[in-house]
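See below for the structure under consideration.
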Amino acid sequence: MFASLLTPMVLAFLLGIMAARLKSDLKFPESLYTSLTIYLMVAIGMKGGYKLSLAHFDEVIWPALAALALCIAIPLWTYLIMRKLGRFDVPNAAALAAHYGSVSAVTFSAAVVFHDTLNIPVEGFMPSMLALMEVPAILVGISLARINARFPAHEGASLKEIARELLAGKSSILLFGFLIIGFACGASGWELVSPLFDAPFKGVLTLFLLEAGLVAGRRLGELKRGGAFLIAFGIVMPVVHAVLGIYLGYWAGLSEGGATVLGVLASSASYIAAPAACRVALPEASPSYYLTGALAITFPFNIMAGIPLYHYLADLIYHVPV
Amino acid sequence: MFASLLTPMVLAFLLGIMAARLKSDLKFPESLYTSLTIYLMVAIGMKGGYKLSLAHFDEVIWPALAALALCIAIPLWTYLIMRKLGRFDVPNAAALAAHYGSVSAVTFSAAVVFHDTLNIPVEGFMPSMLALMEVPAILVGISLARINARFPAHEGASLKEIARELLAGKSSILLFGFLIIGFACGASGWELVSPLFDAPFKGVLTLFLLEAGLVAGRRLGELKRGGAFLIAFGIVMPVVHAVLGIYLGYWAGLSEGGATVLGVLASSASYIAAPAACRVALPEASPSYYLTGALAITFPFNIMAGIPLYHYLADLIYHVPV
Amino acid sequence: MFASLLTPMVLAFLLGIMAARLKSDLKFPESLYTSLTIYLMVAIGMKGGYKLSLAHFDEVIWPALAALALCIAIPLWTYLIMRKLGRFDVPNAAALAAHYGSVSAVTFSAAVVFHDTLNIPVEGFMPSMLALMEVPAILVGISLARINARFPAHEGASLKEIARELLAGKSSILLFGFLIIGFACGASGWELVSPLFDAPFKGVLTLFLLEAGLVAGRRLGELKRGGAFLIAFGIVMPVVHAVLGIYLGYWAGLSEGGATVLGVLASSASYIAAPAACRVALPEASPSYYLTGALAITFPFNIMAGIPLYHYLADLIYHVPV
Amino acid sequence: MTPLKLVTIIAEDVLEDTLAKEITALGAKGYTVVTVRGKGEQGMRENLWEGENVKIETIVSDEVALKILAHLQRKYFDKYAMVAYVTDVHVVRTQHFT
Amino acid sequence: MTPLKLVTIIAEDVLEDTLAKEITALGAKGYTVVTVRGKGEQGMRENLWEGENVKIETIVSDEVALKILAHLQRKYFDKYAMVAYVTDVHVVRTQHFT
Amino acid sequence: MTPLKLVTIIAEDVLEDTLAKEITALGAKGYTVVTVRGKGEQGMRENLWEGENVKIETIVSDEVALKILAHLQRKYFDKYAMVAYVTDVHVVRTQHFT
């Protein structure tokens, strides 16, 4: 299990953290970062859509419902825990709920590659779960803020408007759009574009994780500001969510690999769609909390320890079923 | 024929249009757009040069003359139609003539991929035609403005100067430069770089068409400004030009696929080289007209309906020859 | 030998120079340039690390010592020659010493590809030499300035601080980092990422050399400012350094190909790490001298004539050994 | 040459479109935007993960300048990372701006 | 500190090189350029397909400032999307600019 | 509205971090940076190979403005490609800047 961490992706992430701590001048141009993001979304969506075209409806429907349940429920208790135990104010608790309920496409990809490397099969349609789980949690988080604090609606931005913006947002458009394109084009379409979207995928992920490490490393300096509670939450809750995800995956009929990936999705926190949405809709929430939580605590934990741990837990669950 | 539209390229273009209409925040960084453009030009040129090195001089010379004739004649009648029927003023008519006489590398690539997908052979040296047809039409268009309106020469920018600038312009340098490089290096050179310039080409084209769709989609809102005449022109004339191109290709000895691609070149309107040149040399012409025509009408029409239509027409022409 | 220049890389470099001389508007976006640099460093490092994992310690140690000796000695005499014969002032002589002592990753890659094309084996661990030789020469150059001119230390930037910054600098971090990652992951890691870092490498190098040609071409206009001495130095000394490198490589037990590449490293001048360091630590030195020398004289000379020449010289040395 | 006001707003990039619409509604005839990085009370803002700033500049009459500032103060100054200031400038053609 | 003029020109990117040459010929000792996006009479300009703007800033004497503005008005203001304005600034070393 | 000073520094990009630290130490409460290209005595600076410029802007009190300029003159003006100037601006909330 340790050996599975010796991959270029995980080590590139570590290198990024180290470079940031050494105050290296290594920096990715922003347009490279954006380009890599676009590539990853398109590639994940396209391949997922193609695989979805090979799956049966009833293989997919139960996992999809499980995924939806997870991403609606997780923000609810995250909000409560943050308010009651963490003593965060309403906007910050709501923003954290949105982040932990939503998902991270990069953590997802790392989990898929992890299983690939170990030759453990994962259902090819899992990217559909990724796409499904991104937006709802963010809406739940923002609604919680509106309901709980007589939070005055942001001028002209009704919840419906926010939902529309999120669904037309970059990552939704790319993930859903290319899921559909991949689905519609099937094998012949996938063949045309797989030399760009399949073969080099792991290399691109390596570069992306290098950059993610640089950003996480810079954020590490702010860990104190987040406080011990946030650190504890950002490590313990992902494990809880992962176990939940694995169980639900098991009940929904996923293979062990698929259930682990569902667990990873549940455990991961969004740091692309959620921060952008919170910046607009919850301006009072401080990025110090939600970015530190998602980016400097949970993301590194999942990449470096979480994924193999969840694999181990899934193994237990699948061989001593309840 | 309809199935041939179900390719990732065409669907990505549609997705881009849709995202723009939904006011998505999806946007390509400009340097990604420029990088993709450079990649496409280099890849088209390099492969075309290599294929040219495999062709005989007398296979190429007649199609080349046909291509030149097309791109000199098309702006002439385009100008007249725009002036007389469209009632555009001199600079706008001249700018539109430059755009419709010149060619679109992306439409060209889409046509080549279309034939690839249907396993219809296309002469490998067709990129030479693309390179040949880019600049002359723009010069014709600008000359028309100069001649017809006692248009005062842009200070210090003689037509010779403009010709020099166009030939040293980005797309000419890349297309001609890599045609020559590909030609000079032959098979051994092509082998070195084809893993970058060949295999992932269709994937890159997919990304580029997504971005093109985003821009075309934003432009769609300005369709009214262009007016019904521009819309009619932007759909009818490409078909006329395509038929002309197919006939000329037929007479010049091209295969059916090659002639269709020559038709596509004739029908396509430039939106990289021509707008840049017109901005400098014809500042009185309004981008609303030429960009809307080239980008929001003719380009989508060609990508989504024109190419299969021209293929169908070529079929008729090649099997009931005149 | 002449035929070996007919590669897409060399011709793209020439095209870039020509385009710049023609004042073409062809320009690479800066983030594309930076992205290509990152790609090259990561790819060189990763592959080198993987190959290093296949080598024996005692194959590597002698070449490493030879490399270190070269990059410490070269700046010493470069400094003296610049001061005594070239009559440069202290900061400029020191900056030139730093540049000629350090190395160029792109020249290195061009040399490796050159050998590849001719099917001459080169030790796979040579990227380690590249990584080793980058920083020391820059430190020697800056120290020379400090020692020789009672050059007042840049406020707060001790030599130790500069060393730290250089070692945490972009190119060191990427080269050393991915050497270690490649080494640690071995064949299984390399397999995951080689579709991105191996197959398209030569294509990316072609694009990079196009951009390098554009910059060198613009610099050519400043050749006069550098003066005849700089031109002579920039052509003669690389040959001397290359011969020295080949001899040392020979004595260190490298194959003929490996020794030639060590010669190329010795002969090449840095234009990524060294200019950045000199801008900060030797602000009195004029970029006109060091950039013109490294970028407009030595780099083109090496790419277009040096590499095949050194190959020829290595042939002589290896077949009439001393 | 006519004296006018140049209003400069430095704000989070997510606000660009909204601000552009609002200053246009308040009377600005045009504006110029550039992406910047910066540091202030809310800390550093310099990349896509953590958010960037935009600098919006618009040349307007004195009256519109005051309206814009009042609007910003009312709607944004408490909650958002934002800075705004006014400079005196001279232009040649007034009708372009008012 | 010496008072000088900062002339700011916002123009289509295709004009950058020409404008740089012209303001240098008119007496500017240097200039600073940045790519911007913006909206004015001619509509939005924000990407490579449709064209971008550049903002050119140059610090010059009062006299050169007037010359530059007169030149712009004569050659460009009718036909091109362009805005120009002048701000008073203070510099430490005058010889750098005049 | 309160009058304050906007200090603008155009310098080589390698100096960005150092300058940011220094102006903060001299009393600036924030600053805004953008990468620019430009030409001056030291010639053109417009790409990564040859170096780029940054433009750093900070709104400060008169006193801090003078301190910053004095510091720049002492430490940088001889050796580095650098230009600095001061503009009068008006802000709404003074406490943000001083």
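Going by the order they are written in, the chains are A, B, C, D, E and F; count residues from 1 in each one.
Throughout what follows, a residue touches a chain if its C-beta (ideal position, glycine included) is under 8 Å from a C-beta of that chain, and two chains touch if they have at least 3 such contacts.
Keep in mind that what you see is a predicted model, and the values were worked out from it rather than measured.
Undergrad: Which contact partners do chain B and chain D have in common?
TA: The shared contacts of chain B and chain D, listed by label, come to A, E.
Undergrad: Give me the set of chains touching chain C intersected with the set touching chain E.
TA: Both-contact set = B, F.
Undergrad: Starting from the Cα centroid of chain C, hunt down the chain whose centroid lies farthest away.
TA: Ranked by distance of C-alpha centres from chain C, the top chain is D.
Undergrad: Interface check for copies chain D and chain E. Shared numbers divided by all numbers used: above half gives same, below half gives different; which is it?
TA: different
Undergrad: Go through A-D and A-B and name the pair with more C-beta contacts between its chains.
TA: A-B
Undergrad: Between chain A and chain E, what is the separation of their C-alpha centroids in Å?
TA: Using C-alpha averages as centres, the distance is 46 Å.
Undergrad: Calculate how many whole Å lie between the centre of chain B and the centre of chain C, each centre taken as the average of the chain's C-alpha atoms.
TA: So the centre of chain B lies 41 Å away from the centre of chain C.
Undergrad: As a quick test, compute the distance in whole Å between the mean CA positions of chain B and chain E.
TA: The answer is 35 Å.
Undergrad: Tell me, which residues of chain B touch at least two other chains?
TA: 29-31, 34-35, 200, 276
Undergrad: Give me the residue numbers in chain D that touch at least two other chains, ranges are fine.
TA: Counting only residues that touch two or more other chains, chain D contributes 34, 87-88.
Undergrad: Strictly by the criterion at the top, what is the full list of touching chain pairs?
TA: Chains touch in the following pairs: A-B, A-C, A-D, B-C, B-E, C-F, D-E, D-F, E-F.
Undergrad: Provide the residue numbers of chain A that touch chain D in the complex, in ascending order.
TA: It comes out as residues 30, 33-34, 155, 215, 271, 275-276, 279-280, 283-284, 287-288, 291, 295.
Undergrad: Help me check something: in the complex, which residues belonging to chain C touch chain A?
TA: Contacts found on chain C: 29-31, 34-35, 38-39, 42, 46, 165, 168-170, 173-174, 177-178, 180-182, 184-185, 188-189, 192-197, 200, 276.
Undergrad: Applying the document's contact rule, which stretches of chain F touch chain E when the two form their complex?
TA: 8, 10, 34-41, 53, 55, 69, 72-73, 77, 83-88
Undergrad: For the complex, give me every residue of chain E touching chain F.
TA: Contacts found on chain E: 1, 4, 6, 20, 24, 29-34, 59, 87-93, 96.
Undergrad: Which stretch or stretches of chain B touch chain A in the complex?
TA: 6-8, 11-12, 15, 18-19, 22-32, 35, 113, 117, 199-200, 202-204, 206-207, 210
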